[in-house]
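Okay, so chain A shows up in both of these, paired with chain B first and chain C after.
Presenting the complex of A and B:
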């Protein structure tokens, strides 16, 4: 994690190239697994972009994710694909702006509460709209993509997300965010426009999450609100980012990979008990590793030396 | 019109009841409990089981379900919350930790309910006879629900504002650092407050189950509405929770009757947003 950029960038590029070439050599099932994993790596990293340094826990991941998927479902036959993605990003951005403007000026807890119900609100509103205005419930996505095409898009998005996270971590913006996370009052006195910084980061993070949903939409073929606004997505993103450590660049990604594999296995082996196991695991993580696995390893190392 | 007012008051009464539980947990124990709604749903199912298998009247079920809610919450506080309270360096850190832990708890409770009862809508028929109120027919169970909510709310307000014990709880809510200087055991107060909150959630569950259908996954919406009522009324304010709860019930019923039943949550959110912008500390909150 402390590699110099001159070494880290070629290494990262090489890993990316290997990952991008993987679907040409492995069976389709494993491409599917890689796809899901990349999706969650991106979600967790994008989530931590805002919630990590500011400590404003966003529980609305799936609201944006679902909006992205739904925009693709609605527009996929009306517009060319790149424009569909752009529209999805735009709508996600507007939603994030609306949520951020109304809640981020207030204490953190209002934001959490608002995001807690946001997914349900969006789901109900979309359902209502479909039933009463457009008279359709459920839509089909017909795009000529196979698993690997979606995977490549997600991989590119994951790379971009990590790059954004890295760039922000090194910029004045990143410093401002850390100051806000430490003490908002002090940050404001140091001349940081607290609301603006929070809003900016929230919008960036939410737009990336919307894009993950939009890119993954063709995977379902059939989409309806209860499928794409599944609260488990918010939950899994949160638990992955927390396990890895939301304050580190690679933390969320490192949390996402093992947990995604674990969840794949759990959901196949214990479909009925999945949500209990998930809940208990989550409580355990909050208890044992409040700062994430990377910080824990650092602690152990320091403890060893002292 | 009158029918909607009565139905709105019934719904609002139950919101007020459960929101009082949440506001006590948040105001005194300082735990933001996102699994609150799932406690309510668990109580709904508990009442349902007692009623449909043992033919126990929901009013008698209160005597079983409410102490259970109290005990379960006390246990949760001792096992899960206390270590977090002890390790938290500040109120803010405790807030984040409690939000995260109860978010996990939400999924665990939901998972247990899904195993036992499945994901379908459940309800039972109890006292479903129409009663004439000022010329409109209202279901007996709804009237009973309203009556129960009002009585319990009145008792709680009396205890909190007229007894020595209630004064101790309010002292901890107002000044957690100074309360120990007056010989108040804050840890015990927090524990009791959290358990009372759980008991109120259980009461709310019993009352709600008498006139509404419920599902294992419906807890989120209850938590959400209770949270909104708490914020509308002002954090930690019991009278505020009662007024805001009744208001929310009325808004919801009128939107369902005159606009569209599918838009009630959107209406609730709108009220919430407008109030946040106009009075960020709630109707009864102090600036």
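Presenting the complex of A and C:
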């Protein structure tokens, strides 16, 4: 993972090109799998952007994801598609600002609980709105996209997300985030505006998450709150990022790929026990390798040498 | 001539406890002043109010011409106040060098890139940690952690340095190194407010002392005179010795 940028960039570009070309050569079913996987790679990477270094565990992922999908459902016939995406990003950003301003002062488990509650609140609010104000129970998304079109958009978003994560990691902002994760008091006394940094990262992370939901919306065709605000999305994102290691650039992506495939298989093979297995996996990962697999591998390598 | 730091009528309450009561003093530029007093007399609380970690319940704090009374810690830092902590607080996920880089990048003067890396090395060398920037903080001994914290404080190129028992817990030879280091800063014209229990260090470093007891200033003046005052001896050692 410590490749020199001079090698890493061409390699990343080549991998991206291969991934982009893949739908032209593989069956639609596998394009669908790639699509779902890319969605989770982006979600986990975007989640870790904020939650990795600050250690503020957010369960609000699906709140933003669902809002993104809903904005597309509401606006897809009213506006040109690029404007629909832009509106989704803008609304996600505003929601993140409001949430961030009111919650980033909460610490530890209070933040976790609040973000979980937030996702539920947003879902209930949207349901109530649809039932009582607009009198619609669900909405149709009519956009002329096939799986591979959605996949390409997600792939581009994944690349952008990784690029943002890479750039932040090398910047002052990245250093500030790590310091905040270690000790907010020291960070503040070193001259860091802790609240602003946290807010900024939360907003960037949430906006990217909102866009994942927005881009994936056409895949469902029919959208209702219980579909797009499914809390499993938040938990899966969290587990994936933790498995791979939320403090590393490629960590969340490397956690997302195997887990997505595993979840795909589990949800098909054991649909009734899916939640239980998810919960057990979660506990296992947190106990066995709280820093993620990459750190675990590093440890083992170091241990082997010492 | 303007004072480097001017504190007037500072107050702090914690519930029913008055931790700091009507404290006033000032530091001239380039002065190293000792803030003394028995345990719980309010020294750290004063430091915390100057650095913005605690809001004041009354009084004002001026840094040069600037009123910093209501400023948040990051703004106070940017105004040129740096501090160490009574209990060392290294940042464990950062390397030794990154710990120092932090206040270069965000402090009083902002540096980044190659220039910042050179300054990190310079500050580490100054405190005696030359070439150890890439090490993990967990590898450092206690005195080296203290050195690193000093380098982190100095990296912001502060106008005022707050040292809260920075010399505590060092063995005699380390203490000598520590005192030398502060004297070196003194030679460079740094203004320092030094909380200290070790009288040897106070005598060596501070031309002037302020003594607190139970939240109030009970004596102030040249170190030798202040330390000989009966009220000071009594505050430190109890009635029997007065």
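In this text, the second predicted complex is superposed on the first by the 302 of 306 C-alpha atoms of A that agree within 3 Å, B and C clash if a C-alpha of one lies under 4 Å from a C-alpha of the other, contacts with A are read in each partner's own complex, and residues count from 1 in each chain.
Definition applied: a residue touches a chain if its C-beta (ideal position, glycine included) is under 8 Å from a C-beta of that chain, and two chains touch if they have at least 3 such contacts.
Since this is a predicted model, take the numbers as computed values, not measurements.
*Asks:* Does chain C touch more residues of chain A than chain B does, or is it the other way round?
*Replies:* After superposing on chain A, more of chain A is contacted by B.
*Asks:* For A:283, using the defined touch cut-off, is the partner it touches chain B, chain C, both, or neither? Pick first, second, both or neither.
*Replies:* Only chain B is touched by A:283; chain C is not.
*Asks:* Mind working out whether A:230 is in touch with chain B, chain C, both or neither, as first, second, both or neither?
*Replies:* A:230 sits against neither chain B nor chain C.
*Asks:* Using the touch definition from the top, say if A:191 reaches chain B (first), chain C (second), both or neither.
*Replies:* The answer is second: A:191 touches chain C but not chain B.
*Asks:* Could you tell me if A:178 is touching chain B, chain C, both of them or neither one (first, second, both, neither)?
*Replies:* A:178 sits against chain C, while chain B stays out of touch.
*Asks:* So, does A:267 touch the first partner chain B, the second partner chain C, both, or neither?
*Replies:* Neither partner.
*Asks:* Considering only the defined contacts, which chain A positions touch chain C in the complex?
*Replies:* Touch list, chain A to chain C: 172, 175-176, 178-179, 181-183, 185-194, 247.
*Asks:* State the interface residues of chain C toward chain A in the complex, per the touch definition above.
*Replies:* So the residues of chain C in touch with chain A come to 51-53, 72-74, 77-78, 82-83, 85, 89, 91-94, 98, 101-103, 105-108, 112, 152, 156.
*Asks:* For the complex, give me every residue of chain B touching chain A.
*Replies:* 32, 34, 80, 83-84, 92, 95-97, 99-101, 103-112, 114-115, 220-221, 223-224, 227-228, 231, 260, 262-263, 265-266, 269, 272-273, 276-277, 280
*Asks:* Using the touch definition up top, name the residues of chain A that touch chain B in the complex.
*Replies:* 55, 57, 59, 102-103, 106, 108-110, 112-114, 116-117, 120-121, 124-125, 127-128, 131-132, 231, 235, 238-239, 242, 272-283, 286-287, 290
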